[in-house]
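Each of the next two complexes has chain A plus one other chain: chain B in the first, chain C in the second.
Presenting the complex of A and B:
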């Protein structure tokens, strides 16, 4: 059984400060972490590997400046990772990445299951997994909380209103995993060191493919264009609710409703 | 002149005429909730109406479901110029394949400029797959829309890092432009009771679903969320008075219970639930400080919270300086009222 995990990186939110008055994002510490939802997807794949013989292959979800997250995934227990590089790749958006990844999956010889995060921590976009399913012509299950596989079937638990439901699908299928669904494991220290030293079989498990070999340059043209940033008004702290108890309670409830959208 | 005559006159004038041949337009795919049209769909139609008026385009609504033809009126009244209805038992609950096939056929024929979905479970899935199938761009969780007149492209803002700031993006070339609209982000439209029209029915060919629902997941419990990743925290302090009320409030809001060191000393919470710079820092969307005075260590630990609501009887309590909204009141008196107001 082959499980492909598509994962990406994100700027650690603890290292950035948003200054609303200046209208700028200050990056104090440029440190990248694995997308939390992708990390859960990797954990789901590794749990399948714990249960049955399976090969876990890792692919990047977006253009990456370096292969650190792939090395991290290998150290955590993945068997093989493919770093995608290429000139036209840097600007690729989710639509282009879906085409590129579909071609990469074909070149890997297909898979039984593809897992990725249901959403990204920074931009909150969840389209990549579903776009990839469409590009491959596979069915999908979005926002999975738990997975169970047998040889040719998959059982997935997903949220349904206030409760959870079990879905069943025949393989191959694409599943996006909800952030926080599983408690992810940590990378193995010795494997991590070996990967960076280029020693042992883990180091050999990392390959680099050129995007130009997989798809035409046209297919990598992004559809979306960034048009800038917008900052919410500066927070006005120290506001007190006025009136009697009931009036205060009502204004607090209104404020909470606006924030939580209950 | 009596009112019924006026009604008749208005109704005649407001009979919505659709353009012949179609083409273009802004389309909204409706979400249904409890047998009615979801508020997010009406909000999306309102947003589409504003844009369409600037573009000189029509707004269309699409309804998919079983026995939903009557709901078309709600879309007309919210501002749709035309409504397409796919009414079939196979569409009674969301089935990705059949829904996608109906929408892909419709949009291939109509060539919309933009297609809006609610940023709901269904909308998110349909939008992403349709966008890939039709070669369109997709911007998810849109909270604001503007128009780039040069390219007729919609510019959409979406929250980054949970709303710390917003990124603006557009899809200048490819059509249709797909967008999912965050519930509650746009104002509900004016409902014009005089608007009406006759919807066009669509053909539905049911497809065999590849993913089958087996049943409810009995006994499944999601893993506990650690305090530093909780989205909503209700924290108690020494002045909280009745801790049971704090727990009830947390349950009502779907949040986690925490507290300051005072609450731990009172035996209300475990030491793992203490919010304090020396124990755990938190970054929830909403932090409710109930009866917490707010010393330096506590206030520094909640610095990253997006919205802080404080309830404390002492007007001088330092917690009020960091709170977005402060209630100078005894929690024991105000919490029952707050619970009532939230219902």
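Presenting the complex of A and C:
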């Protein structure tokens, strides 16, 4: 069984300070972490590998400045990683990446299951999984909380309304994993040191492909145009209720009626 | 000159910080209150390779060098001094003594399970009448055929109550003293005659165990002599040099935490209509604290680099330990002052840090001993051999 995990990076939010009054985001430490939902997708893949013979291959979800997140994934237990580089790649959006990744999946010789995060922490994008499924002509399940695989089928638990639904799909299938769905494991120390030093077996597991060898330049043209960025409107402050229990409940109910029109 | 951490050490710190904040910090208050060793944490540390962070991979280690080990101790010291103490006693002196002076076979047999975190180590030196004067030990080892018989009582042994592999210092020739008369041995806790005595009820680092160990005619085979017969004292001092550096790294973590708490508090706590951050007296406290923390950080990682590049570092390791413990104590004391009455309560981690920090000025050689080491190194360069 081959499981492909598509993952990306995000600036560590702890190294960022937001100053609304100055209208600026200050980057104190430029450190990147794995996208949390992608990390859950990787964990889901590794749990499949814990259960049955499987090869876990990782690919980048967006143009990456370096292969750091791929190394992290290899240190955590992925078997193989492909870094995608190339001149035309820098501006690629999810639409362009989906075309590129579909070609990369072909080049890898296909897969039984592709996993990625359902959303990203920074831009809140959730399109990549859908678009990749579309490009491959595969079925797609969004927002998985748990996965169970057998040889040719997949069972997915996803949140629906106030409860959970269990869906079944035939392989191959594309699944996006909800952020926080699974508790991700830690990397293995020695593997981590080896992959960063480029020594040992694991070092050979990381390769670089040129995007130009996979798709032509047109395919990398983005659909999105970035025109600028601004802060979302300030959130309104809530109302603090005071007094006795009954009084507080009444004022809460009044506020709900007035503002939300319950 | 290059002051960057390598990419592997950046990645290692990211992994360790996440582990420290998710697995170690949530237990810190509880293990202090209950006075229990967090065995579950030690096991998890072993599973991801951190119990052998600095040792070569051929002996089950991670291979991250002394630099990686200092990163581990800084990050553990930042969230839980007790856990840092357990890990430091295991890696930094217990396993380290075997790594530095063990034979190939001893490393395979003893260092490997220690580095993998399958067994816990301890380093057994202090006695009731031999603290700072470490050469005054009375524990005896007498040769009998192919073995040695060890007799004596050791005090203040971190991890002693549960360690499975301990390195012990004993007198093998009373006529020779420290030079030639003292030998180091590797002892397994299931060897007959090995007993755990009383446990210390301590002011701080209550999530670590400090116990008395009694050796009652413990028979140790000749192949368990660590290093050469008669050279145990020098061997143990060499191990302590490493321990002093990494204790300095743990103190760096403690001081860093105190700084972070202080900044967070100063930007939220309002008095006289403004946050403490706008009060000059608090600004000066924080500026002083931050400067000392940065000076210590530079010292610690420079010495780690010296160890990894095989340069002499004894004098600087003593500085790491002495300066580190004093910077941590000062930073935590200042943090308490900034937090006021709330800092004195058990609702904040500062009172625990305050109790925990004090021991760092005492163990691994008191700060007075460190000053002797530093001064004697300085005078030796000028042809003066200072007398004890």
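By our rule, the second predicted complex is superposed on the first by the 231 of 262 C-alpha atoms of A that agree within 3 Å, B and C clash if a C-alpha of one lies under 4 Å from a C-alpha of the other, contacts with A are read in each partner's own complex, and residues count from 1 in each chain.
In this section, a contact is a pair of C-beta atoms (placed from the backbone, for glycine too) under 8 Å apart; a residue touches a chain by one contact, two chains touch by 3 or more.
Quick caveat, the model's predicted, so the values are computed rather than measured.
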First, second, both or neither for A:95, with chain B first and chain C second: first
Touching partner for A:142 - first (chain B), second (chain C), both, neither: first
Partner chain in contact with A:239 - chain B first, chain C second, else both or neither: first
Which of chain B and chain C A:193 touches, first, second, both or neither: second
Chain B or chain C, by number of chain A residues touched: B
Which of chain B and chain C A:29 touches, first, second, both or neither: neither
Partner chain in contact with A:68 - chain B first, chain C second, else both or neither: second
Where chain A meets both chain C and chain B, residue numbers: none
Chain A partner contacts - residues on chain B that touch it in the complex: 96-97, 121, 124-125, 127-129, 131-133, 135-141, 144, 148, 155, 157-174, 183-184, 210-217, 220, 222-223, 225, 229, 232, 253-254, 283, 285-286, 288, 306-309, 311, 320-329, 333-334, 337-338, 340-342
Touching residues (chain side chain A, partner chain C) in the complex: 31, 33, 68, 71-72, 75, 186-190, 192-194, 196-197, 200
Residues of chain C touching chain A in the complex: 6-8, 10-12, 14-15, 18-19, 48-50, 53, 57, 61-64, 68
Complex contacts: residues of chain A adjacent to chain B: 13, 16, 18, 20, 25, 93-95, 98, 121-127, 129-131, 133-135, 139-143, 145-146, 155, 157, 160, 163-170, 173, 180-183, 223-232, 235-241, 245-246, 248-253, 255-257, 259-262
